[in-house]
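Following: one structure in structure tokens, then a few remarks.
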Amino acid sequence: MLFKVEMKVNLPTDMPADIAADIKFREKAYAQRLQENGKWRHLWRVAGSYANVSIFDVADNTELQDLISNLPLFPYMDIAVAPLCRHPSSVRDDDS
Amino acid sequence: MLFKVEMKVNLPTDMPADIAADIKFREKAYAQRLQENGKWRHLWRVAGSYANVSIFDVADNTELQDLISNLPLFPYMDIAVAPLCRHPSSVRDDDS
Amino acid sequence: MLFKVEMKVNLPTDMPADIAADIKFREKAYAQRLQENGKWRHLWRVAGSYANVSIFDVADNTELQDLISNLPLFPYMDIAVAPLCRHPSSVRDDDS
Amino acid sequence: MLFKVEMKVNLPTDMPADIAADIKFREKAYAQRLQENGKWRHLWRVAGSYANVSIFDVADNTELQDLISNLPLFPYMDIAVAPLCRHPSSVRDDDS
Amino acid sequence: MLFKVEMKVNLPTDMPADIAADIKFREKAYAQRLQENGKWRHLWRVAGSYANVSIFDVADNTELQDLISNLPLFPYMDIAVAPLCRHPSSVRDDDS
Amino acid sequence: MLFKVEMKVNLPTDMPADIAADIKFREKAYAQRLQENGKWRHLWRVAGSYANVSIFDVADNTELQDLISNLPLFPYMDIAVAPLCRHPSSVRDDDS
Amino acid sequence: MLFKVEMKVNLPTDMPADIAADIKFREKAYAQRLQENGKWRHLWRVAGSYANVSIFDVADNTELQDLISNLPLFPYMDIAVAPLCRHPSSVRDDDS
Amino acid sequence: MLFKVEMKVNLPTDMPADIAADIKFREKAYAQRLQENGKWRHLWRVAGSYANVSIFDVADNTELQDLISNLPLFPYMDIAVAPLCRHPSSVRDDDS
Amino acid sequence: MLFKVEMKVNLPTDMPADIAADIKFREKAYAQRLQENGKWRHLWRVAGSYANVSIFDVADNTELQDLISNLPLFPYMDIAVAPLCRHPSSVRDDDS
Amino acid sequence: MLFKVEMKVNLPTDMPADIAADIKFREKAYAQRLQENGKWRHLWRVAGSYANVSIFDVADNTELQDLISNLPLFPYMDIAVAPLCRHPSSVRDDDS
């Protein structure tokens, strides 16, 4: 079941560089693990921003909440979620 | 080059049914032709709405404008566009 | 799986009374059928408005879209959807 | 008398972990006590967020204010309230 | 129990004058009847607008909905409601 | 001459408790003095918030500015003002 | 007593030209009469729009409502009002 | 050439009193100097706020930017600018 | 003197095709005439929309209002204006 | 390929002056280098603000993201991007 998830990162500008680097390092590892197991189906940067557009593929709302709330950057992001489903004009059965 | 395109359809509620049906028929054919030639890479319905989230894959801004402004539903939609690019944490080379 | 659905009705003020009455009659029957089969778990009027707050209990996003887009009042409503899940402080196992 | 209450938590990202844990511990105990005595009728997590949707069942506006303003997280939340009442299409007498 | 109710009137500019006059005549009679029986405690015009700020004194949310949804101008107004209660700094016991 | 004044309090969550208590103590005394001399005609708490809805009765805009800008909580509040006057449907001569 | 009044004109694009011309003719006469008797102290066009910024000088809120609600264009405008008073840094006694 | 300039002051609530006083002292002197040389034609307080509405009379956009960006309070203000010109209904030649 | 002007076209969807074509024909001629005489310095389509971003080069606010209010599409557009001037980091003397 | 980029600078008001000066120095050098190599085609100050309107000319979205995210002021700015293309009424072939 797919969800569009948009994340905008707002790290405090006075956060020490090593702490920021550690959070980003863990975020990247977490994001790649979820991509590899198929839960985070797409991950794109929005050009000109510190934000992304993502497509999550989860079993249900509970799994969505579990995956998002465990993001290392979760406390520092504005996050917007929209539930998706198959569009009647889609030509692909494997894209929903 | 990818763009997220969000479209919300606002057909006038007093449009005659046959005219609406004709526009939707042409919209569907147009959308499927663009999906088949790879320009309209993803097309999802936003659950609970008459709206979609789409990913377009175009050569440049000019082609994006050309494809969107020729949508049969173009005069009846609110459309929002965001340029996308590869995310540094993405594990896929073929998704940007 | 639960979703909060908020609906605000905007019937055109010049819609003939019998047409409006017919749409509302079908809307009520539809809403009651969904309540009785457990899909529309809660339905409340927002006091001072022609709007409601609802809780839907569906199998997935596809079913949510199917149920909402078939509402007789669907073309006349602003609709906002939020996916819900169990809150860690909830005392009830049967409320999510 | 029912109210929809939406709460979004904005804890300062630099709050010491033990202070945050203490506030959350007291919030959970408070929320469960109100659920058990029937004042906090429903409590759902909004998936993908640090926010909830709740239904309060109170005697009047004064009790609503009393219950909400005593939430341990009250100074750290954006809160939106909407008064609810029975919907004419509801099939349940015990849900308003 | 008090509620602040703000109403902005948006009569269609092409409504025939006699129909508009009839609605306004019935609105005025309705508003005065509710003021005289104490349900519509205050009614002020917002200077420079076709809008009002009102204070309703009702038994509960259900009565609020009943009174507002029966306003002759109800289909033509944007209405915003806020529940009120006694302020701890108020010097008046009879104003809440 | 009446004005609706809406005030939302945003005290910094890290303000020392004794300083906050002192400001609130002076605010309460100030508010009660203005109520007693008739300048602050109504003062209600918005249920579920740290906000109020007030009606001020002043000689002119200058007095309104003088009274509001001297509120001890003035630097910590979002304040919105609307000028009011007698509504043509009001039944009370003494309420404007 | 001064008020800033901002008016944006939204004439229906299908209004017959002679009716629009008549309303504008009466609006201009009305605006000039109020300027000449000192009630409409300043009237500026916002460049690039069909809107104005005005300063009214009235006895009280009631007169402001009376003057604005009698504008021939009143039913076709979005109007925003802000009460003004002397600024402590102003060098002019005659400008408030 | 006239511009409407609206300024809202947001001094940090923890700024030391003497620093705030110094900035305000310099702001007042600056504002009065510009009023006296005719660049800052009008300056009004918005009643109930720490904000002003101003009319600047400048040679061009460059001078507007020069005057505003040198305000001692510039880093602490939200500022909105609108270009003005003579209104066709204005009766005054010297007010644009 | 430069202004950024953003225009979004909202032609009524039920406007007869020949009337729309005539307005667009005159708009294009008007826009090209202003470009050729240097008043309309830049004109870009916003990709994915029926909107443009423009840079006007005018003598003053009055000329800006004159040029914009005479656009054949003026009654059908949302228009936003921002005054521009030379940026201190610009390397070009001829771009302001 | 052109993009409109709008940047609003929000430097913390308590940033030490030498650090701010260093960031601005590097920002200016960076901006001038990009202007000289043709990537940053236009750069204008918005009069009355600490903001700019820019036109970037890039190969694709990836280059746009690369250029913007390396701005020394990037962590301190609100940035909005819009893709541009040739307008059908433009008279210039070299402006898109």
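For clarity, chains are labelled A, B, C, D, E, F, G, H, I and J in written order, and residue numbers in each chain start from 1.
In this text, contacts are C-beta pairs under 8 Å (C-beta built on N, C-alpha and C of every residue); 3 or more make two chains touch, one makes a residue touch a chain.
Note that the structure is a prediction, hence the values are computed from the model and not measured.
S.K.: Please give the intersection of the contact partners of chain C with those of chain F.
M.R.: The shared contacts of chain C and chain F, listed by label, come to D, E.
S.K.: Go through the assembly and pull out the chains touching chain C as well as chain E.
M.R.: Where chain C and chain E share a partner, that partner set is D.
S.K.: I want to compare two interfaces, B-C and I-J. Which one has more contacting C-beta pairs?
M.R.: The greater number of contacts lies at I-J.
S.K.: Nearest 5 degrees is plenty: how much rotation brings the CA atoms of chain A onto those of chain J?
M.R.: So the copies are related by a turn of 70 degrees.
S.K.: Express in whole angstrom the distance between the two chain centres, defined as the mean CA positions of chain B and chain F.
M.R.: That pair's centroid distance is 50 Å.
S.K.: Could you grab the centroid distance between chain E and chain G? Build each centroid from C-alpha atoms only and quote it in angstrom.
M.R.: The answer is 27 Å.
S.K.: Report the inter-chain centroid distance for chain F and chain I in whole angstrom, where each centroid is the mean of the CA atoms.
M.R.: Centres of chain F and chain I (C-alpha means) sit 45 Å apart.
S.K.: Where in chain F do residues touch two or more of the other chains?
M.R.: 2-3, 45, 47-48, 61-62, 64-65, 81-86, 96
S.K.: Mind listing each pair of touching chains for me?
M.R.: Here the touching chain pairs work out to A-B, A-C, A-D, A-J, B-C, B-I, B-J, C-D, C-E, D-E, D-F, E-F, E-G, F-G, F-H, G-H, G-I, H-I, H-J, I-J.
S.K.: Show me the residue ranges of chain D that touch chain C in the complex, using the header's touch definition.
M.R.: Going through chain D, the ones touching chain C are 2, 4, 27-28, 31-32, 35-36, 42-48, 52-53, 55, 82-92, 95-96.
S.K.: Which stretch or stretches of chain D touch chain F in the complex?
M.R.: 3, 5, 12, 61-62, 64-65, 68-69, 74-76, 79, 81
S.K.: Flag every residue of chain H that touches chain I in the complex, lowest number first.
M.R.: Chain H reaches chain I through residues 1-3, 60-62, 64-65, 81-86, 96.
S.K.: Which bits of chain A are touching chain J when the two form their complex?
M.R.: Listed in rising order, the residues of chain A that touch chain J are 11, 13-14, 45, 47-50.
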